Amino acid sequence: MAAGETARIEAFSDGVFAIAITLLVLDMKVPRALDAGRTLASALGAMWPTYLAFVTSFSTILIMWINHHRMFTLIGRADDRLMFYNGLLLLGVTIVPFPTALVAEYLRHDGQKTAAALYNGTFIFIAICFNLLWRTAAVGDRLLYTHASRQAVQRIFDAYRYGPLWYVIAFILAFVSVTASLVVNLALAIFFARPNAAGPDRSS
Amino acid sequence: MAAGETARIEAFSDGVFAIAITLLVLDMKVPRALDAGRTLASALGAMWPTYLAFVTSFSTILIMWINHHRMFTLIGRADDRLMFYNGLLLLGVTIVPFPTALVAEYLRHDGQKTAAALYNGTFIFIAICFNLLWRTAAVGDRLLYTHASRQAVQRIFDAYRYGPLWYVIAFILAFVSVTASLVVNLALAIFFARPNAAGPDRSS
Amino acid sequence: MAAGETARIEAFSDGVFAIAITLLVLDMKVPRALDAGRTLASALGAMWPTYLAFVTSFSTILIMWINHHRMFTLIGRADDRLMFYNGLLLLGVTIVPFPTALVAEYLRHDGQKTAAALYNGTFIFIAICFNLLWRTAAVGDRLLYTHASRQAVQRIFDAYRYGPLWYVIAFILAFVSVTASLVVNLALAIFFARPNAAGPDRSS
Amino acid sequence: MAAGETARIEAFSDGVFAIAITLLVLDMKVPRALDAGRTLASALGAMWPTYLAFVTSFSTILIMWINHHRMFTLIGRADDRLMFYNGLLLLGVTIVPFPTALVAEYLRHDGQKTAAALYNGTFIFIAICFNLLWRTAAVGDRLLYTHASRQAVQRIFDAYRYGPLWYVIAFILAFVSVTASLVVNLALAIFFARPNAAGPDRSS
C-alpha cells in the first residue's frame, strides 16, 4: 500500500473501481418466460451483445484501475486540485455501467449509434480526467515523490499523450459502424492488458 | 492510512461511502420499448432530472467523504460515542440513493416538493451528524492526536458552524422552487469541491 | 489496522459488512404511478414498515461489525477453523437484506409471522456463529494475542453468553406479536449501539 | 496486510470478491402477489433452488478468496503477466452471480442442463485462471518471496493440479443429472472449507 498521505484516496478509489466493475454483472438478466419452442441456450446466445459489452467494459475499467495504481506509485502528496480531478475521474468510472447497459440493449437495433457514442464519450471523458489528474501531479513534479523514477514518469506522459485520441477515433467510428467501434474499444483494452505489454511500468 | 485505533473505522466508512456513491448509477435505467417515432437520443434527453440528481448526489457524497477523511487525519482515538455518531452519519450516507431516486422520478411532476424536501432533509441530517461527530472528537481535544494542528482543528470548527445552515436554506427553498433548491445543492457541492478552495486543510 | 495475519480477513469481512449494510437501501423502492388523488407524501408515509426494517437491520449489522472489530483487536492468529466460522458468519450477514425485504413487504399483511420468524432466525444464526468464532479463538487462548487484556476477553465471553438468547426471545415473540418482536430487535440494536454503553471495550 | 508491491492488487481483488459474494443476495426476490390460498411459507419453500444456488456460490467464492489470500502470502512481486491473469480471474469471479441466477431460475425446468453447464463452466474457467496465476508467480520462483516456505509452495502446486478436474467432472455430470452436479459443487466447497482441512497452509 502506498504510504502516507495518498493511501486513503487510493483505498477509496480502489473501492469505487471494484464496485463499478462488479456492478456490471447486474446487467446480465436471466431470460425468463421463454417463448414456446425456444431453448434457454438460444435465448442466452441471443444475449451476445450483453457479453461483448460486459467484457469490453470490464477490461476497460480494469486497465483504468491498473493505470490509476501506476500513477499513485509515483504520487506522494495530495492537494485539493488532485482530489478534484480524482473525483471527476471516479464520476466517470461510476457511470460506466449505464452506457454499457445502453450498448447491450441497443446493439443491432435503432439507437445503436447513440448508445455507442455515449459509451465512447464516457471513455473520452475518463481519459481526459486521467490526463488532468496526471498533469496536476506531475507537471513541475508538483506532487510526485522526490525519489520517483524519471523514466517511469516519462513513460506515463508518453502513454497519456495519445490515449484519449484512440477513444476519439472509436467515438467517430461509432457513426460509421457501431460494431467496428466496439471492436476498437475491446482491442484497446486487450492491447493495454496483454502480458508483457510495453506498459509504463513493468515492475509493479 | 491513518495509524492505529481509528484505521478500521475509516476503512469501513470508506467502504460505505464508496458503495453508496457507486450504487447511484443503478438509478439510471436504460429506456426500453421506445414509442414509435421516438429516438433513443430524445428518450435519454428526457432523463435529464436523473443526471442532475446523479451529479448532485455524487458530488455531495464525495465532499462528505473528503471531509470525513480530513477529520480522521486529526482524530487519533475512538470511543463508543464516536462509533455511535459515525454510525448515524453512515446511516445518512447509505440512504442518499433513495431520495436521489425520488428527485429524479418526481422532478417536474406532482410531488416534487416532497421529494426535494426529503432530499435536503437527508443532507441536513448528515450535516448534523458531522457536527456531532466532530464535537465528540474535538471539544476539549477528547480524541484528537496530541500533535493535531490547532489551525486545522479550528478550520473544521469554522467550516461546520455554518454548513448545516446552507442545507436548511436549500430545504426551505424547496417549498418555493424545487429547481432553485437543487441548484443550491449542486452549487454547494461544486463550491466545496472546486480546486484551490479555501478548504479546511489544503495539504492532505 | 490490525497487524499481520488476520489483517486481510478483517479487510475482507469489513468489505462484506459494508456492502451488506449499503445494499439495504435497494429495498426502498420509489413509489411510481400514484393512484389519482394520492400524494407522494402519503405514498411515502405508507412505506413505514420499510423504514422500520431498514433502520433495524442497519443498526444490527453495524453492531455486528463493531463486535467483529472488537474481537479481532484481540485475535492475533488465524487458522482454518477460524476462517470457517468467520465464513459462516459472513454468510449470515450477506443474507440479511433478504429477510429485511420480507419484513418490509409483509408487515401488517398475511405472512408477517413467517417473515418475522425468518428475520429473527437469521439473527439467531449470526449470533451462534459469533459464539463459535469467539470460542474458536479464545477458549484456551488458542488464537489470541499473548498481550490481549484478560478483562477485555472476559467481557466478550460475558456479552456473548446471553446475546443469542435475546434473539431467541424476539423469535418466539414473533408468533405472538410481530410488532413487539421488531421493537425488541430495534431496542437490542439501540441498546448495544448507544454511546457510553457498558460494552466490551470502551477504548477502541 | 501483505507488504509492499502486491498489497494494492490484493486490496482491489478483496473488494471484487467481497462485492461479488454480497451481490448474490440480490437474486433472492421477495415473493409478491401470492395466489389465493397460498401462504408466504409455502412460497418461500418453493424457492429452495435459489437457496441451494446461493449457498453453493457463496461457499465457492469464499474458498476462492481464501485460496487467493494463501497464494498472495507467498507472492512478493507483481508484473504485467500476473496482473493479466489476476484480471481474468476477477472477471470469472465477477460473473458468478449470473450463472447462479440461471441455476436458481431453471433448476427443475427445461433448460436446467444448459444452466448447470454454464455454472460449472464458469468454475472451470476460474480454476484455470488460478492455475495460470499461480504458475506465473511460482514456476522458477519468478515472483515469490525469497523466504516463501518451500512446503507451502509445493502444497499449492499439489492442490491446483487436480482442482480443475473436479469442476470438469461436475460439468460432465450436469448432462446426466443436474442435481448430482450441484451436489458435487456444494460438496467441493464444503470439503475445501471444512475446519481442519488438509489445506495448503493451516497457519494463515
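For clarity, chains are labelled A, B, C and D in written order, and residue numbers in each chain start from 1.
The rule we apply is simple: a residue touches a chain if its C-beta (ideal position, glycine included) is under 8 Å from a C-beta of that chain, and two chains touch if they have at least 3 such contacts.
A quick note: this is a predicted structure, and the numbers were derived from the prediction, not measured.
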{"item": "Mutual neighbours - chains that touch chain B and chain C alike", "value": "none"}
{"item": "Magnitude of the superposing rotation for chain A and chain D (Cα, nearest 5°)", "value": "90"}
{"item": "Same or different contact residues where chain D meets its copy chain C, judged by the half mark", "value": "different"}
{"item": "Relative to chain C, chain with the most remote C-alpha centre", "value": "A"}
{"item": "Rounded Å distance, chain A centre to chain B centre (Cα mean)", "value": "25"}
{"item": "Gap in Å, rounded to a whole number, between the CA centres of chain C and chain A", "value": "36"}
{"item": "Where chain B touches two or more other chains at once, by residue number", "value": "1, 11, 15, 19, 23, 26"}
{"item": "Chain contact topology (line, ring, star, complete or other)", "value": "ring"}
{"item": "Pairs of chains found to touch, sorted by chain label", "value": "A-B, A-D, B-C, C-D"}
{"item": "Contact set on chain C toward chain B in their complex", "value": "1-2, 10-11, 14-15, 17-19, 21-26, 28, 30, 32, 34, 39-41, 44, 54-55, 58-59, 62, 65-66, 69, 193-197, 199, 202-204"}
{"item": "List of chain B residues in touch with chain C within their complex", "value": "1, 5, 7-9, 11-12, 15-16, 19-20, 23, 26, 77-81, 83-85, 87, 90-91, 94-95, 97-98, 101-102, 105-106, 110-111, 114-115, 118"}
